[in-house]
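Quick one: this structure, given as structure tokens, is what I'll be asking you about.
Just so it is clear, A, B, C, D and E label the chains in written order, and each chain counts residues from 1 on its own.
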Amino acid sequence: MYLLQIDWWIFFEKLILVAVIVTTALVVAMYSTYAERKIAAFLQDRRGPNRAGPFGLLQPMADGLKLFMKEEIIPMTSSKFLFVLGPMLAMITACMTSAVIPWGSTIDIKGHQVPLQISDINIGILYIFGVVSLGVYGIMIGGWASNNKFSLLAAVRGASQMISYELAMGLSLLAVLMLVGDLRMSSIVNHQIANGWNVLYQPLGFLIFFICALAECNRTPFDLPEAENELNFGYHQEYSSMKLGFYLFAEYINMFISAVVMSTLFFGGYDIPFVNEAAWGNHWWVGLIGFVVLMTKAALFIFLFMWIRWTIPRFRYDQLMNLGWKKLLPLALVNMLITAVVILLLHK
Amino acid sequence: MPINYYIFLSLTLFVIGIIGVLTRRNAIIIFMCIELMLNAVNLLLVAFSKMHYVTNVSKVTNAGSDGQLFVFFIMVVAAAEVAVGLSIIVMLFRNTHSVDVNFLNRLKH
Amino acid sequence: MIVLLLFLVPLIGGFLSFFIKNDKTVRTWALLTSVITLLISIAGNTFAHSPGQLHFSSSWLGSLGSSFSLQLDGLSQILCLLTAISYPLILVSTWRSSYKTANNFFALMLLTQAGLMGVFLATDALLFYFFWELALVPMYFLCSGWGGERRIPVTFKFFIYTFTASVLMLIGLLYLYFQTPDRSFSLQSFYALKLSNDTQSWVFWLLFLAFAVKMPVFPFHTWQPDTYEQSPTAATMVLSAIMVKMGVYGVIRWVLPVVPIAAYSWGDVVMSLSVIGIIYASIIAIQQDDFKRLIAYSSIAHIGLMSATLFAETKIGYQGVMVQMFNHGINILGLWIIVELIERQFGTRKLSQLGGVAQKAPALAILFVILAFANISLPLTNAFIGEFLMFSGIWSSTVTHYNILFTVLAILSIILAAVYTLTAVQKVLYGPESSITEGTKDIHGNEKMVLWVIVIMVVVFGVYPQPLLRITDGFVDLLLNKINVAHLFVK
Amino acid sequence: MFHLLQTNVTQTVSDASSAGSYFPVGIQLLFVVGMIGFLMVVTHLLGPKRHTSDKLQTFSSGIESHGDARQPMAIKYFLVAILFVLFDVEVIFFYPYAVNFRGLGWSGFWAVLMFVAFFLCGFIYIIKKGALDWED
Amino acid sequence: MNALIFSAVSGVIMMFSSFLLNNKNSVRVLAHVLLLATIIANIFELRGISFFHIDTRGMLEFDRFALLFTLVANVCTFAFFLLSSRDLEKIGNHYSDYFSLLFFILAGIVVSSSFKSLLMLFLGIEILSIPLYILTGSDKRNLKSNEASLKYFLMGSFSTGLMLMGIALIYGATGTFQTGITVAEKVPVLLITGMMLLLFSMSFKVSAAPFHFWTPDVYDGAPTVVTSFMATVVKAAGFIAFMRLFAEEFGSIRPEWKLLVGIVAAVTLFIGNITAVFQQSVKRMLAYSSISQAGFMMLAIYSLSNDAKEGLILYAAAYSLATIGIFAVLVRMKDYTFEGFNGFAKQQPFLAGILVVFLLSLAGIPLTAGFLSKFYMLKATIDGGSLALAIFAVLMAAVSVYYYFRLIQSMYFKTGNATISGTTTGFKYTLAALAGITILLGIFPNLLTNWLYF
């Protein structure tokens, strides 16, 4: 058996990296809920959670604990297996996305090169797309398994919304790929370190991508699947305890990941603006600084998401679909073609 | 891994697909089995493509690339078939409220 | 050129007939066409002897190795003459039969004639096959469209039988085509073939089957009585007077010279079958009450004799066959006319219901009796010449060891023929009048004229057969030459 | 025999064009599935279990639910799904182009322009046909 | 290339014509004009003038065989348009879309008849099949149409799967998709397996037994107009592709498959003919007859000679014209059973006469194109060395006479009141022209086959 001839060092290295990154994502997601409530309170001139711990900082823990301890209800008319599978799938896909994101530059630990990236596969960006697309299954299966008209309707809505925006998202990315000429996440970042951030060259592309990211994460103004006033609670209204928690969590993880992806694709990833980090050498703290920088950028995006949530009202469904299909899709296509022409012209 | 592993894997998938097509009654499952067959082929083509690349890389430029090209076309055609097939199944479902293919026997009379 | 006209005149006349809606006009037109054909045929037989007039060849389907070539030699002459003579007679004698959509009827009749002429003239195998089917298809429509009550299944059986056999013949011809060195369907190339004995055997059966069905030879005859019975009289006349000769013709033209060894080795089998057929058909005929069926079975017996003689391979026999083909056509035509007259007048063909016609219809009686004599082949009738020659032919045959047995059995058929024919004559003409035959009227007009013409021919060729023998003399020599050469080759 | 997946993992994990680079992804998948499965089991064990028949009904704002929820719904959703499949595959075609377009130059551009033209043909067609109209 | 681009663009134009033209008549006229333009463009290419110069990288080769078949297919389609385009209206509202689908099918036919690469074979077959799935189910409210469509779709995709696996295995064995492989003495097992799979899947597509079982149901269930098209032009195209595939790709391993193809041909002939005999509906009879005719066309693949090539083209033309003609009348009949035709000749003598020509042609009676095409097949078969197969084939042809003539009997010799609606003078003249072509080709096949060489 060839497969067992594994270099165990690399196995543990990757395992630790995975654990760190997944935990980070979970923690960030947890505190996103806190941030969401705090920001909502701030924008609405309230105080938000402030009892559990200082400034209510322990509130997410309390919430999580509560979800853990709640009674688990699986409605009689539902499909049991799918009912359990749905939230797990949502969670798994949310956690898997982070695998190809470069969290920082390669660091040197006692002569051993450790990249702060779980895997630098050569079709990184397609991997992200693929895994994100799978997220639809979580929603769809959950809504279907519940056997509740509202859930099902919400799930179908959510699914068709997500797939619709995926088209425009994919097209808007093309222009970035044309600039970089590679699908690997690391080369996208390196290209930006060398040539400046993509957002400078692709403002329109970024805008489209950003809007699509909002829709993909079911964030306001595109949170149609969870439109409380139309659909009770959305596709997960039959869920309780940690299964509900998974759905909610998955959404926040997705938000975090999309913030990271946007930072990586358009805002230089772990690149610090106006600074030439390469000159600092190959120390372990350089990688950490990169990581912090990336997290900062992501935090800004998360803040933007939340700001938008409390600023812009929800779309109507037909408006949503029209925006996605009839405006963003052609716009992204045109953006791609223009980019191609310009690059070809400059190239000659 | 030797190429035979790939051949066996995709043939297995393919045969599973065939058995599914021949034995299942639900149109959607039959349809999924057909997709499974197509994907088994895709897998095999990519494996062969790599194999021919390895053997011919010194002799031919773009050795084995046509196999991957073929996969693209299969994907496109599969997508078109999905579109048409799902439309047909939905159409039928709206008329009969069933996706069981047993009814197909009715045509014989 | 004459050969082409022989085929083209009925063809074009037939096509035009489709568009003539008036009943009288179309009859006249058809008659006119057939008379012209007759004139051309006579011209071909008498004063046209230059090869340019008796041959026609034009390139057609060259890529398939086939050409449009026609030829009027002795064998063709006699059969074309038969066809050409029969048609006016048929048309005149059935002048009073009324047909729905007469234009289609006459058009199909003429198309059949064109097909028949083509079959007798073609010297290219593929062309031969074309004409073979061209004669068959309109005939099918004729029988199915205007026949009796059970016409549809009966004629369909006829068609399927013939068609199946003919496609097998096609395969046989195709196989021969592939054996020719120049990849050609022409008769000459086929004659030049030297095939192995085994090959000859099954090619023989492929080809012979089609002709055997058409003639018909004993086990393949089942379609015939029904078809004769159910077809409209005019079509029956064409079928029995001319079409069955296609089978005989086919054997002479396409089987004997092409696969002589097989013809030799299978000769006994075929002759046995034929002789069995003769006896069998005659016995059945004796038991028949339906006049049409009686004549049908009698026809099987007569044809059986011809097919037996074909494989005796003697000159005298072949001459007999040639003459008899013509004479049998004429005779049976006359008999059908009689049947038609009786059926039209009395509304039945059942012999048991008829009787005492002779007294009220003397002319009919005389003509009927003469034709009956011809059917029994009494001396001084034309059939006597043919049958006598054929008996002598079988008797003197050197290719079979059973020649005497065959001859004796075959001659038995004359006695049997006398039994059934004379019984029919007696039942119809003599005896007590039945309720049906009370108001019998004699024949007159065109039927009478036609019957007289036929009877005159019966008698004339009965005492002076030389013209017919002369026509075929040269051909028979050639034929025997080919077959005998092959026998030498065997040894 | 052809060793397609070279199993010297250390080398191949960092080699992006090798199947070995998916090895860490596999590790992550195992990790994540394990973690989530564990959490599922834990929450299953921790929570109280006091089922009543009312509780096990489907919840729809207190209104009694009627019949099966899985009934045919608006065809529009199916339509979107089907269109997505088609267009998504067309989008996939752009990816190899986008990566290689510098090498393909103008000739490649014209080819892609033609492809885009067909893409647009289909796009305009579905819009004209009203496949994307939601107010009816 | 001309025909390919013309028909593809025509398809797109027809797609949009419904937005620009609000009148069904103008849509129809447009379709006719576009098809005519395609035909003319194709004739130009046959005469050596190609309007487009596109590098197909050796994947397509527009040789005379392909071009001629394209011409035949287009002309038959044109006849189909002339005869039946009005009946397309009855299926549903998307009139112009049906035309565009038909044009796409034509494009698929061009690709599948001129491929030089297995990729193009696959694409051609699919371009041709997928619109057919839609057309089969285009009568949306009719359950039979729906079911036929689903069945056709599932069977078609299944056979596509087989085909792809076959192609993949061949690729594995040879390393190329281009046809014209050369094999060493020992034929690789992958190649043999691939060849078998391709044989099966192509048999599926052309409904050769034992893979024919979908055919009668699908042909019966589909709207009659569509059946008319798919049973003729499309099926013929399948055979052209089949022949090209086996001549060019597997020509070098002929001993491996010859017997198998022979058996398939014989079984197809047998099953098609015998089951056709028992049908009561003319439509189903034609479905089975299409299977039996497929058996005859299989003979061309069995023998793979020049004769077979010429014959296949002729067969395609003869069979398509005759069947399209019969279907055009059948569509307008009230009753599709044999009894429904009783007394037809009395009421419509002209149409009945023409139908007889078509039926004779299908039955293979001389002086019709049907005979000569069968003749070519037999000739090729005997040349290919199997007299037994040829004999079996003609016996089956004799069986086929039974059911074709049954229709003739109904029309001519049985009394009844067959009802037909909407026969215009133009319709009759078009049918008469088709009958004329059938007879003309039956007498001078060179008019068609010579195009292969000059």
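FYI, a contact is a pair of C-beta atoms (placed from the backbone, for glycine too) under 8 Å apart; a residue touches a chain by one contact, two chains touch by 3 or more.
What you see is a predicted model; the values in this text were computed from it and never measured.
Engineer: Identify the chains adjacent to both subunit A and subunit C in the sense defined at the top.
Structural biologist: Correct list: empty, since no chain touches both.
Engineer: Chains in contact with subunit A and with subunit D: which ones?
Structural biologist: Correct list: empty, since no chain touches both.
Engineer: Quick one: which pair of chains has the most contacts?
Structural biologist: Max contact pairs: A-D.
Engineer: Pick the chain whose C-alpha centre of mass, unweighted, sits closest to the average of all protein C-alpha coordinates shown.
Structural biologist: Looking at where each chain's C-alpha mean falls, the closest to the middle is E.
Engineer: Could you please state the distance in Å, as a whole number, between where the Cα atoms of subunit B are centred and where those of subunit C are centred?
Structural biologist: Inter-chain centre distance comes to 65 Å.
Engineer: Based only on mean CA positions, could you tell me how far subunit B sits from subunit E in angstrom?
Structural biologist: 26
Engineer: Approximately how many whole Å separate the CA-defined centres of subunit A and subunit E?
Structural biologist: Computed value for the inter-centroid distance: 53 Å.
Engineer: Which integer distance in Å separates the CA centroid of subunit C from that of subunit E?
Structural biologist: 43
Engineer: Mind pulling the residue numbers of subunit A that touch at least two other chains?
Structural biologist: As it turns out, subunit A has residues touching two or more other chains at 2.
Engineer: Residue numbers in subunit B touching 2 or more other chains?
Structural biologist: Counting only residues that touch two or more other chains, subunit B contributes 1, 3, 51, 55, 80, 87.
Engineer: For each chain, which other chains does it touch, given as pairs?
Structural biologist: Chain-chain contacts present: A-D, B-D, B-E, C-E, D-E.
Engineer: For the complex, give me every residue of subunit B touching subunit E.
Structural biologist: 3, 7, 10, 14, 17-18, 21, 27, 30-31, 34, 37-38, 40-41, 44-45, 48, 51-52, 55-56, 64, 66-67, 69-70, 73-74, 77, 80-81, 84-85, 87-89, 91-92, 95-96, 101, 103-104, 106-108
Engineer: For a test of understanding, state which residues of subunit E touch subunit C in their complex under the given definition.
Structural biologist: For subunit E paired with subunit C, touching residues are 310, 349, 360, 365-367, 371, 375, 378-379, 382-383, 387, 390-391, 394-395, 397-398, 401-402, 405, 409, 412-414, 444-446, 449.
Engineer: Looking at the complex, which residues from subunit C come into contact with subunit E?
Structural biologist: 60-64, 101, 126, 129-130, 133-134, 137, 141, 144-145, 151-152, 156, 159-160, 163-164, 167-168, 170-171, 174-175, 177-178, 206
Engineer: Considering only the defined contacts, which subunit E positions touch subunit B in the complex?
Structural biologist: Subunit E residues touching subunit B: 119, 122-123, 126, 130, 133-134, 137, 140-141, 143-144, 146-151, 153-154, 157-158, 160-162, 164-165, 167-169, 171-172, 175-177, 217, 220-221.
Engineer: Give every residue of subunit D touching subunit E within the complex, in rising order.
Structural biologist: Interface residues on the subunit D side: 118, 121, 124-125, 128.
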